[in-house]
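Below are structures written as structure tokens.
Same chain, two partners: chain A is paired with chain B first, then with chain C.
Now for the complex of A and B:
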């Protein structure tokens, strides 16, 4: 009688991506987070540093853009899960015969893509304000690494969104953690200027490595961690993979936890 | 004999929470206290009970959203705690209320998303979505945003989502709650059609007439325990009979009530007071008791009003729940 054949994770991933896009398009307030905010950040940074060296201008704009994109990646994905709680769609989604991680992955990837679009917009607008293209050492490598940064951010987003499935209070943690994350991953400042004891925390995030790679490829004289673009890339990919694997296990645990303790309902919002 | 569609054995569910801020205190709530239940394939089984009785907890356990603290529950032969993923494609869950849908997108897009989640084959998806929208009467509104829907339409869409993947068993948690009479009637018809198509249904409801109209068998859950389970006729017998006599008058004395109790067939008398007036509700089996015997036991008072009616499921339910509470 039943028409069900099998539920395939990648198909659910695509379905989640699709519905996230549809909701994004149906809800104009997202434009603030994905387009307006990154531009405001970057233009502010540009105005502060416009009379400094071109490298400093690029560094600050890059940082501003990264902050906004990171916010979009984590906030967007976490918000979507909170929204699921609020709408009462979390339960039917958790009750589906597929790992919830696939659903979150679809959302995170869309938010990453929209962050990427926001980043591209930032560079476009600032280039217009600057009057000429930004002085990037190797534009092709820069573009590739830009995508790598976003993927690294998305793996962090994937892991952290589990908190939103776990608890309705995750938003508070995110609000506190967001600015710490900007500092610790070196979004705005090189991590080498931070106290030495913070370094292990910084290096635990794939985004830190990806940002290092991006900067090493962008600024001719960037010192950074001195592992070079290739070394930073290896670190990024290894940590990203570790985050994806950890997310897999974490989501299984969180969903089991919710089944055990109760929760995940609209009443728990 | 075929395997039961639902088999619940000694299922307990305890919720633990914390109270207070600095000095937190653990609060333990036992929502289900050893429930046993068996539902046959193709049966429409009703689960009734007051708020907080444990109905939704039981439905969530059976639909794999919640783990039992102890005991075993099998649905379609699959252990809900051990193999939830294997069971999920074979069951559908419809929770009542306004929530549970993506409001900013269309009904069709909502169904498309859940079709992917529940593994409806891609080649059959469009046809299946069209079919369920047609079944629930939302074909015309398929491409409208859900936020524009009335409550009744949302409830129909909930049902459409629940039956989209053609489950063998459907859990309906208060599917007509808050619906206007026309929408509720449509929903009941849709439920009947599902059962006619061979789907087993476990229905929870607060509406007694609905359960009486729809269900083959009913269980009454009170304070986490099943206090009765039978057909509606069986439940009527359990509380003393098909007939209900309502006797209204003034100043009934204990001696008179005792005389009533001793009358043949009277198994239960409920006394209520409305100011100076009293109402006695008697459950009696069909044909066992003449109204004259009641009049006689109460001293043939002139002001006596006696009404006779069929015992409703609501009467049965109130008797069982009040008995349990006392």
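Now for the complex of A and C:
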């Protein structure tokens, strides 16, 4: 049985990834919706920042890219679970002899890729509006760390999606929590300008650490946190792994809980 | 023997019956996606967090033309777009999803009453959102507010909400022949952040974008609120109210006048049943 599961899991993952890609290609207009807000917010922040300091323009690009990823991972993956619930396909999927996490993982991987595309779109639009070379210390390092930020963010999406299986308020959390998350992680400003008591909440997200690493490593004259870039990266890696492990365990627990309850909240929407 | 033709029953419900039935039933039917938890969150939480986010951006920028008070006021007004644009656009999708759109379009119900009726609940939610947002702006973010400005501020807010409901109805009509209202709603939901002067003056934008911004009722609504708060002269505020009302009126006229065009397009292209 274990051998069968170990083979079926990756196959389900690939099938889920394939169908998510096909659905996207069949109707790519959805990227407009998820890219509209990040592009608009990045342009808005850019317009506010552009007369202050060139470094602040980078905040708008980075924040916009992060919003794009947030929209793709949380909205894309979380919404897919809500849609499963609405269409009545969540229970059969949960009842299948393979972990639901494999299905979600396929969606999350594609949403991460399309989130990166959205991030690139934001980058292009703001860079075009700026019209001058961006003041990045090391563009190659910026690109690498930008991807690290996006991957760290996708682990948050993975964990939240697991929680959404359990709740009929996924849409509520997605909509209402959006700006809260942007504030807490400091996606368009350093977290150090937030009140001190919010710092533990900020540092509970791997994306915050990754953002700090990117800013400290590539933004000119960025102070950052006292432990430096290496500490930021260690924090990113450790928290990202913790999120992946936690979400994996949570998926298993949620599926077991819902099976015991005979459906439980799975069919509530 | 001659037979008297049977009197035809009155098939068309009255304007006000259609209006009130839609106003009262929409929250349970075409607006059912706006659950109470979502509405409460939108009115009390989303408005605050959105203002907080842009307040921090403004604080970091230290740009004298866009201080914190400037962006919180702009966002306080812009929060109404969730109810006026997104919710009203969503009614079209709800009808399509439920498979009731075709039946609705062949019914003899007065279209004006029908669509205006649907706008009542979003209008009330938008008013609640913007009122709470203004309280946040003044009490939490310390935006300057003189008691004497209460009346012009209230008029500005009500006028802007009413105008934006008209704009939402116009977009809902356009959404009829699109496959989904989601895209157009998303674009116009957020466009106000850039084109309506919610966060920075329109003069920052290239001239063509400034013209585009001036076509949005939200732009004039935000300007009238700022003018009212700043204690601008009566003629200035009246002009801005006039522009808000004019653009709102044009939006209603276009929404109701073009609805038949949208219906025909949607029937011709089959988008009436696509979602």
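Assume the second predicted complex is superposed on the first by the 246 of 269 C-alpha atoms of A that agree within 3 Å, B and C clash if a C-alpha of one lies under 4 Å from a C-alpha of the other, contacts with A are read in each partner's own complex, and residues count from 1 in each chain.
Rule of thumb we're sticking to: contacts are C-beta pairs under 8 Å (C-beta built on N, C-alpha and C of every residue); 3 or more make two chains touch, one makes a residue touch a chain.
Keep in mind it's a predicted model, so treat the numbers as computed, not measured.
When both complexes are overlaid on chain A, the residue A:180 reaches chain C alone and has no touch with chain B. Legend: residue contacts after superposition of the two complexes on their common chain; A:259 is shown touching chain B, with no touch to chain C.
Of the two partner chains placed around the shared chain by superposition, chain B is the only one that A:26 touches, whereas chain C remains out of contact.
Of the two partner chains, chain C is the only one that A:49 touches; chain B does not reach it. Contact with chain B, but none with chain C, is seen for A:89 once the two complexes are overlaid on the shared chain. In the superposition on chain A, A:142 makes contact with neither chain B nor chain C.
Legend: residue contacts after superposition of the two complexes on their common chain; A:15 is shown touching chain B, with no touch to chain C. Once the two complexes are laid over each other on the shared chain, residue contacts for A:227 go to neither chain B nor chain C. Across the interface of their complex, chain B is touched by residues 1-8, 11-12, 14-16, 18-19, 22-23, 26-27, 87-89, 91-98, 103, 256, 259-262, 264, 266 of chain A. Only residues 29-30, 32-33, 36-37, 40-41, 43-45, 47-49, 51-52, 56, 59, 169, 171-172, 175-176, 178-180, 182-183, 188-190, 193-194 of chain A touch chain C when the two sit together in their complex. Per the touch definition, chain B reaches chain A in the complex via residues 15-16, 63-67, 84-86, 88-90, 93, 95, 97, 99-105, 109, 112-114, 116-122, 124, 128, 145, 161, 165-168, 198. Of all residues in chain C, only 35, 37-38, 41-42, 45-46, 49-50, 52-54, 56-63, 65-66, 71, 179-180, 182-183, 186-187, 189-191, 193-194, 198-200, 204-205 touch chain A in the complex they form.
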